[in-house]
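In what follows, chain A forms one complex with chain B and a second complex with chain C.
And then the complex of A and B:
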């Protein structure tokens, strides 16, 4: 393991992303959200703070997820397609280091994009006279943990299937995981006993992105921040699931002929 | 005795086709490259050159056999620390500048701080990219990208340079500069192993060539020996002189002149003696360098 190489590779991903103006697109998106919010504010939406916060949380989560999937599913395939991979793997670093560096780069770009969006959505919320509360900071941090899983899943998928299939699968998992989990729970409850462990296992394999959405808690005053043990459990889940996904990707990539 | 810089033993590299069947790209290939040598790796398209180089770098795993670089298992991190590699197609991050590209690779090579910045700038100057060091790679020509590639391969002063199609995209001036650069590296003790289709470059640069076809070693020659072997001698004379037993390559020229061609120097000298003994008039004597291209085509043809 070579953590210095991880940082170097991650810096490279961020620099490329900034130069490619990926983050400009995010900023423009944020300004559009802000302008829309401003227009709604002009027509008057007083008393709808909870709705505005809920909407803001959904928008942030949605766009953050889109950015995470697009960035993470293209990193490794681009390296192979553009043949920029060769000078990298010719260096004295392992393929695990390469994967970790790319993963951290994807997480860094997603985090920057998410924070830009959060800042601009925050300005939009201010138009509705909604102030910042500690639960909003917790919402952002927990959401970023969830996005780190999205990045790990994206990178793993991009190593086991084509880039287009990986991004499609990434979107299906990210936006459909709630539905999938509900369907699995229903199937578990209605299925005969011997089948239930199967649904349990499948449910454990599906990424539980819904756990990282605290927008309801952020929107409803009085609920307050989630307890520390919940956040701790979420951190453990994020680290464990991301680690498992990266291990899956590495298992495919470590001996792959390039 | 020191271990060779590169040692390849019975190397077999397979790829799988779309149906999952193995296709042999390299077939029981064995050779060595001694430290400080410049060895050219030649062969027609699809001969297995790039696959061999990739196996040396650990980009593909051999199905059988093994390879070592500086006594270390090929592809290992320890071996890669001592290798500078230039890929066949030079592609570098389009939105980074050559300077940033070299610093990124340098950091991955384990270099840091001011010494890395200095080395990167020196290498960029050395390959003639100093003025373009701040331009993004996507704005550089193919030849300039190749220079970025050459510069990155020299980062950290590697003991062994493995260069795939090294002269690709370079103009004649660039090729000459590259030759000078690589020779300087050799004088400093670096071993060079490179593939190329540019036979003239190979001839000017190499100590030895390895010729492969269909994954197998066809010939292994010292370049000086080969050049001697390929060199042809000829002289032109007037009058009647028998060249029986020396050459049958005689050409009649206008004015009663005859031109005789010889494959080796000894035959030429004997022929000259016969001209002298017959009191014939000698018009000229020439030595013609043989064509490496003809040798290449013939050797591949013989192996087929």
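And then the complex of A and C:
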């Protein structure tokens, strides 16, 4: 393990992202946010503060997830396709270091993009004089943890399938995992006994992105921040699930002929 | 030439936008027919019209669901599935029944399950702590007036979204204030201007005019208009449409009775009972109580009563 190499590689991912004008995507999404906010402002926001915060949380979560999947599922396949992987693995770093560096880079770019979007949404909310509460800060931090899992899943998928399939699967998991978990919970009570252990296993395997979404508490009145033990558990889950995904990706990547 | 391409593209887009803007009034009639079809119109030839119509409908339906969410202060609710009902799972119920127009609280439960109904262990505990969740058994609701801006927004986006008008008016009159009553009547009249053939809107207007305003003459006019509109097509099979026709007949009969027009009451109730034979209330209103008078004398008495009733208010 070479943490210095991780940092160097992560910086490379950020610079590459800037060079490729990936953040233009963020700018366009931000423009959409401001234009939508302008349209709502034209109508008048009096009494719609909860709706505005709810919409802001939905938009931030959706756009942040899109950016995370697009960036993370592209990194490794691009290196292989453009043959820029050869000079990298010729250096004194292991394939694990390469994978970690790319993962941290994806998390860094996603974080930058998410914070830019958050700032734009914050400006839009401020224009409507919507008040801020501490739970909103917690929402941003916890959402970033969730996006780090999205990046790990994206990188792992991109190592076991084609880039298009990886991004498609990434979107299916990101936007469908909540639905899957909800269906499991609903059906568990009325399912036959032998099926119940299967439900438990599927629930454990599916990434629980929904746990990292505090937008419901942030948008509505009277909900304080989540307790510290919850945040601690979420950190452990994010580290554990991301680690498992990266381990799966590494298991494939270390034997991959390039 | 290449440099001119973006300008040409922008010009085409702006031109197309202006054309769409010019024909918006014509499109509106086609996108939003006075009576909403339950299915897609197979003969609709305007792709843009279909697309816009679906978009507006989707947003107003989404806002409708958000309204329910805000009334529960962010706690997501869902209806019980058929399997759950068969398994004997009970709904949560509420103590104020403020949102009875939105759904039946006896048949709903929280999307995030309570700990005693959740197999997920610590994951369920974390979800209950990160989501807007609380035990909603016998729950209350936020003041429905806090959702009024959403009703305003959904009717602005989709003026043909009838529940937005009717439930918005219901919320306005819930406080029993004279201002709220005036605003509710104004809202419904605005809705009628966008949906002149809506049985629901005329029926709700007549209901408010009779029950809240006690202006039975005005109520009679509105309810009679709703009845005439309902006669243009069979009684709808969907719950909302069926209830609107049923309530129109019930209130029409009761308003006639309030005005002392027993003949009108029996006519309305009999017509309603004929169209909806399963409705017990209409059947009861349609059948006069047993009388010692012969039928001919009863009819003469009813006719005389109807003729001496005061004229409707206008």
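One rule holds in what follows: the second predicted complex is superposed on the first by the 257 of 258 C-alpha atoms of A that agree within 3 Å, B and C clash if a C-alpha of one lies under 4 Å from a C-alpha of the other, contacts with A are read in each partner's own complex, and residues count from 1 in each chain.
The rule we apply is simple: a contact is a pair of C-beta atoms (placed from the backbone, for glycine too) under 8 Å apart; a residue touches a chain by one contact, two chains touch by 3 or more.
The structure displayed is predicted, hence computed values, not measured ones.
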| item | value |
| --- | --- |
| Combined model on chain A: chain C and chain B, fit or clash | fit |
| First, second, both or neither for A:223, with chain B first and chain C second | second |
| Chain B versus chain C as contact partner of A:182, first or second or both or neither | second |
| Touching partner for A:190 - first (chain B), second (chain C), both, neither | second |
| Partner chain in contact with A:16 - chain B first, chain C second, else both or neither | first |
| Which superposed partner A:94 touches (first chain B, second chain C, both, neither) | first |
| First (chain B), second (chain C), both or neither touched by A:254 | neither |
| Winner by number of chain A residues touched, once chain B and chain C are compared | C |
| First, second, both or neither for A:129, with chain B first and chain C second | neither |
| Which superposed partner A:214 touches (first chain B, second chain C, both, neither) | second |
| Which superposed partner A:86 touches (first chain B, second chain C, both, neither) | first |
| Per-pair minimum CA distance [chain C against chain B, superposed on A] in Å | 21 |
| Common ground on chain A, meaning residues reached by chain C in one complex and by chain B in the other | none |
| Residues on chain C engaged by chain A in the complex (per definition of touch) | 66, 69-70, 73-74, 76, 81, 83-84, 86-87, 89, 111, 113, 117-120, 122-124, 126-127, 129-132, 146, 148-150, 153, 156 |
| Chain A residues touching chain B - in the complex, by the definition given at the top | 4-5, 8-9, 11-12, 15-16, 19-20, 82-84, 86-94, 255, 257-258 |
| Contacting residues of chain B [partner chain A, same complex] | 15, 54, 57-61, 77-78, 80-81, 83, 85, 87, 89, 91-96, 100, 104-105, 107-110, 136, 149, 152 |
| Partner chain C, residues of chain A touching it in the complex | 43, 46-48, 50-51, 54, 142, 182, 185-190, 196, 199-200, 203, 208, 210-214, 216-217, 219-223, 226-227, 230, 233-234, 237 |
